[in-house]
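Shared between the two complexes below is chain A, which has chain B as its partner in the first and chain C in the second.
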Partner chain A sequence: MLLSYLKIAWKVLMRRKFFAFISLFGVSFTLMILLVMMALFDHLVGPSTPARRLDRMLFVNTIRHQMAEGNGWMNMPASIHFVDDYVRKLKTPEKVGIITASSNATAFTKSKLLALDLSYTDGNFWQIMDFDFLGGRAFTGAEVQAAQHVCVLNEATARGYFGTADVVGRTIEIDLKRYRVAGVVRNVSAGHLYAYADVWVPYTLSPQYFKDNRIEGEFLMVMLAPSAATVPAVREEYRQMMRRVEIPNPKEVQALFSYADPVLESFTRALLNHEDQTVDEDNLEAFYLIAGSLTLLFMLLPALNLVNLNVTRILERSGEIGVRKAFGATGRDLVGQFLVENVVLALVGGLLGLGLAAGALALLNQSHTLAYAHFALNWWVFGWGMVLTLLFGLMSGVYPAWKMSRLNPVVALRGR
Partner chain B sequence: MENLLATPPDTRPQPPLNSPAAAETPVLQLTNIEKVYQTNTIETVALNRVNLTINRGEFVSIMGPSGCGKSTLLSLMGLLDEPTGGTIAIDGRAVTSYSDRELAGLRNLKIGFVFQSYHLINDLSVLDNVELPLLYRPSLSGKERRQRALAALDKVGLSARTRHFPGQLSGGQRQRVAIARALVGSPEIILADEPTGNLDSVMGEEIMDLLLGLNRQDGVTIVMVTHDEQQALKTKRLVRLFDGSQVG
Partner chain C sequence: MLRHLFTLIWNRKRANMLLISEVFFSFVVLFGVGAVLITIGKNYLAPHGFDYTDVWRLQVRAGQGQQMPRAQLDDVLRQVKALPGVRTVALTSGNMPFIFSTNNSTFGYEGNTALANVYDADDRYTDVMRLHLREGRWFEAADDASNHRPVVISQDLRETLFGKGPALGKIFTWSHHGPEATKPEDEFLVTGVVDNVRTANDFAAAEPGVWKRLLPHDTTSWETANVLVRVAPGQGGELQEKIARTVAGVTRQWTTEVRVMNDDRLSKRRYTLVPVVGLSIMGLFLIVNVALGLFGVLWYNISQRRAEIGLRRAMGATGASISRQFLGEMLVVTTLGVLGGLLLAVQFPLLGAFDLPAQPYMLAIAAATVAVYVITALCAWQPSRLAAGIHPAVALREE
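The block that comes next holds the complex of A and B.
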């Protein structure tokens, strides 16, 4: 029976190739876009090297200064004073690491100029992140404290500068400063905002390493909780700590706000909370709600297209419906048949969507839009995409199928 | 599908299909059948107090001018529609006591249809078309369905065309396929609505001979609606309708 249904589903699909193409295109193109979006999303906020222990990590990317006398807001990363005197004194995090957003730097080889992204970090950063070391090691806390000129290079820089990745112990000159290479790591995608760079050097070498009591600086913080279960405790302790922070310039700054957030929340808070930053709301639910609604809305279009196509198909097939009823098909049999057809259509569309998404991601990877990013199709995402497509296949088939099953066989046979 | 029937089909020993005694056993009884189509402004009486009994092994033709209610009568006999008055009984049991699901089961087991415009499914091969009624009998395996469909096609002389599609056949061949489809479930009665209406006289004769053969040799009960007096006269009994009433 199923085979017969599948056979006729395929024939009906092929009968009106143009409409089938439009319909399949709608389903597959939608799924492709969703899959690509999900792959990007997963790449940006999903656990992957070097942020493998993402479930235990918390990030602080800004300290919001509410300026006095209604002079607005100033959002800046943290200073070393803030990190050392407040955050590193927290009891619940296992480790607190820092990194600056990458800045431009240049290195010259005999024949070319290398434009590099350089970040300043501390020793803890290397213990929180799990980089893939091709050779050597990370620099240590002691080396950082001693402000030694050591660095970690990514593979591309090592090969670009030395022509090989086997360069531990050699010297590289960047912005007229010489650094000894302590280690070489596999390239990290620029999508990893809290880890990406071409070159990492001790923060004590940073020109922004001021030793006064200012709060604003250039350091992003990464905290590692002892376990995923203790993450809320770390967030709470950070919250408590913020109440104790002494404002060095109270005439200019009225209040300070900062939150330790998991990676996605660290973005959603900034993205959706720009109106009133005094409210402690990470907006994760709002983000999911908006993203979910947009996804549903986006999928509604091909679903409506399918409904429309199905209703047209019913009109074409009233004779068949009449014959099937005359020969003993129940309403349920017909609904089943039609749903099978629709699900087949959705499945074919889904598989095409998978192929299209794989192609689109390959193009994106090839174009190097995001340095060292390798977007991959996520099977988990694809699974969900297919479930949603099937769901829409069913939803868009139920109404036409029900309508079809209610047709009076005499009327159906007359072809009206 | 058999198990869909609240009351299982009559399994009492029946007389052999082509024995003289069989002709006395009613398969289908219509008593005081009325069918009125009502719209907001007009009431059309399609059938008016029709009484008709079809016995096992009979070949009955129904004749009458266009619009006299022949096809309506056939639809009611085939349980595709409900009368507005009167009762229809199959094997002595009134069909009003059956649910929609049971009626579908009855149509599948007891009735085979042949339509004027064949109503084959163009997307399916000849064999798949013939197999269609058996799809609604889950107790049959795919192999059994195939064998029975091949046997039915053999009976109508089309065993060489099983892989063809309806669009590749002549009108007469298509009607043979439709007859094979009506036969495949071994129904007790075949209802044919102007089976030769779309065919030229030679092909019409062929189809008529086929139906007569099925009735005489295999004892299949047939009710046929026709416009053709010559063909009607070849059948055992002729029922005439005029303006929805039985006139002979």
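The block that comes next holds the complex of A and C.
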């Protein structure tokens, strides 16, 4: 049954090449654009090197300070005091690492200025993230404690400064300070906000390394839970911990709010901020709702276009419909058949779209829009692409199919 | 004639409803993309109001909680200025052009208020940035004697605060202060007016600006000194390193960053351009898709209506009048869709959405209308010509 539907679908598609082209163009480009968007999204929040164990990671990017007397809000990353005296004492996380958002630094080679993004980290960070080391190793917790001038470079910086990636043990001068190169890693995409930098150095060398009891600083935290199942427990313990945090300046700061979130929630919480910032809401549902409706809205016009074409072409099939109805096919049979046809069309378009998306991503990678980013299609993106394709096929097939099934056999046969 | 067209359309109202909604959504897409493109295109063509070529920004940081003694800072500036290849140096604030840093405040004068970017500037500032002076003069050493803080304002701020009246010599202040409660350094004495400046990026609109003259004691609490350096044309990395080493020669405690303003501009431009290009590609694809679809539908409709056309031709209608009928039908359908779109689009300038002026919206509405009509006319033209070419004998024989 299905096989004969598929055969008919193929014959109908090939009957008028021009219409087949219009339909496939619409379907494949719609899906290409959606797949590219999806690949970008996956690049930002999906697991990939160096954040391979993403399902076990939790991130803290801000501490919200509610100022006293209605003086508004101050949102800042954490200080070392906060990390050491509160977060590192948590029992559930396996490891707590810290990193700063990258800041500008400069190194001079003989011929030119090298503009670098520099981050400060600790030893744990390298055990939580799985960087690809081309040579050497990460700096250790002991080296960080001793505030040694060591660094890890990415490949581009090593090549830019020394002309080769084999530079372990040599000395690089950044911002006129000298560092010994401990290791060289493969370039990390600037899309990995919690791991990207050109140069990593121990946090104990940061000008923001204060030893007093202030809460606000510049350190982002990455926590590794023992397993994906224990992630909620870590989030809960962090929540409990926040109630105990002592405010050093209660005259100015009334309350502190901070949450340990998986990667996507850590962005959506800040992105879709509530009016009332005291509410603990990670906005994940809101984000999916907005993204979903934008996707549907974008698919609406191409789908409408396809509906229009299909409805127009009903008459072309009137003979066939008349004969089938006269021989006892029900409306539901016909609806099923036309839906299958449309879904087949969408799937063919979807495959084309997948190819187009791969091409578009290759172009995007070549243009170096985002430093060191390599966007790619993967099974996750492919799966969602297929879901969207089916959705598109149904969206554009239901109304024409319903219309076709309602043709009166007498009229349809006479129209022949 | 028109009445007849409407009857024809009403008879096929279901099929036409789909066409109308397609035209409506196409109009909305064209309007949205058009509004964005027109706004940024208009901005791009406007002058920047200053000269960013051969200007470098030099940031000298003392670190948080540590201040820079003025004597040491002066020493740094003097030594940098003395380097061969450096034309002149000027002190300013951290919100330099083309970087992700802004600083703005609301100012008021006799009930008029305006939000403006606030820049610190010393007497050499305009030698580096080359602002275009319209009225008055830039700051000079003689301003030391002034009781108030001398400022230079941009033309758009002058128009909001002072209207057509004179601006030079007038004193304004923050909008939230009463006139009697201000300190002398918060009373701003207008000494000059310059052309509008666009400092955010190549595609941003001009924003009002206030340049406050730096007083010697302003710098005492600084943790970071922001310096603008105008260099001779053709200078590169070698001089950048020399500047960094010069600063380090004065004190090892400070860190420096030397950047070329034109590089900042290009990198900021890329950040702004990526979403715009993405939006344009999507818009273009949607419109091409709709155009192809319309063409297919019309072509198919006409091939279905051969009998009707054959009959009309047999009754003596000319080919031209047949093709006019089909074009006319399509234009009526388009008009209905466009009217719906206009109803929606006109809300944007009426409600002042996104705080943009009405003009780009009106232009976008006009452009979208023209584009939709052109697209539908093009899509209807070829099928109509086909219709006109139908021979009555052939068409009626088929019947």
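One rule holds for everything that comes next: the second predicted complex is superposed on the first by the 350 of 416 C-alpha atoms of A that agree within 3 Å, B and C clash if a C-alpha of one lies under 4 Å from a C-alpha of the other, contacts with A are read in each partner's own complex, and residues count from 1 in each chain.
Keep this in mind: contacts are C-beta pairs under 8 Å (C-beta built on N, C-alpha and C of every residue); 3 or more make two chains touch, one makes a residue touch a chain.
The structure displayed is predicted, hence computed values, not measured ones.
Student: Given the touch rule stated above, what does A:K7 touch, chain B (first), chain C (second), both, or neither?
Tutor: After superposing on A, A:K7 lies in contact with chain B but is clear of chain C.
Student: Just chain B (first), just chain C (second), both, or neither: which does A:P207 touch?
Tutor: After superposing on A, A:P207 lies in contact with chain C but is clear of chain B.
Student: Applying the touch criterion given at the start, work out whether A:R15 contacts chain B, chain C, both or neither, answering first, second, both or neither.
Tutor: In the superposed model, A:R15 contacts chain B only, not chain C.
Student: For A:G319, decide between first (touching chain B), second (touching chain C), both and neither.
Tutor: It touches chain B, and chain C stays clear.
Student: Touch test for A:F25: chain B only (first), chain C only (second), both, or neither?
Tutor: second
Student: By residue count, is chain A touched more by chain B or by chain C?
Tutor: C
Student: Once the structures are superposed on A, label A:P409 by its partner contacts, choosing first (chain B), second (chain C), both or neither.
Tutor: first
Student: So, A:G328: does it touch chain B (first), chain C (second), both, or neither?
Tutor: Touch status of A:G328: first partner only.
Student: Considering only touches as defined above, state whether A:F133 meets chain B (first), chain C (second), both or neither.
Tutor: In the superposition, A:F133 touches no partner, neither chain B nor chain C.
Student: Which residues of chain A are in contact with chain B in one complex and with chain C in the other?
Tutor: On chain A, the chain B and chain C contacts do not overlap at all.
Student: Could you please specify the touching residues of chain A with respect to chain C in the complex?
Tutor: 18-19, 22, 25-26, 29-30, 33, 104-106, 108-109, 111-113, 115, 175-176, 207-208, 298, 300-302, 304-309, 311-313, 315, 369
Student: Chain A touches which residues of chain B in the complex?
Tutor: It comes out as residues 1, 4, 75, 78, 80-81, 100-101, 104-105, 107-109, 112-113, 115, 119-121, 123-124, 128, 131-133, 135-138, 142, 181, 185.
Student: What does chain C use to touch chain A in their complex?
Tutor: Residues in contact with chain A: 15, 18-19, 21-22, 25-26, 29, 61, 63-64, 236-237, 240-241, 244-245, 248, 255-259, 270, 274, 281-282, 285-286, 288-290, 292-293, 295-297, 300-301, 304.
Student: Would you pull the chain A residues touching chain B in the complex into a rising list?
Tutor: 1, 3-4, 7-8, 11-12, 15, 319-320, 322-333, 408-410, 413
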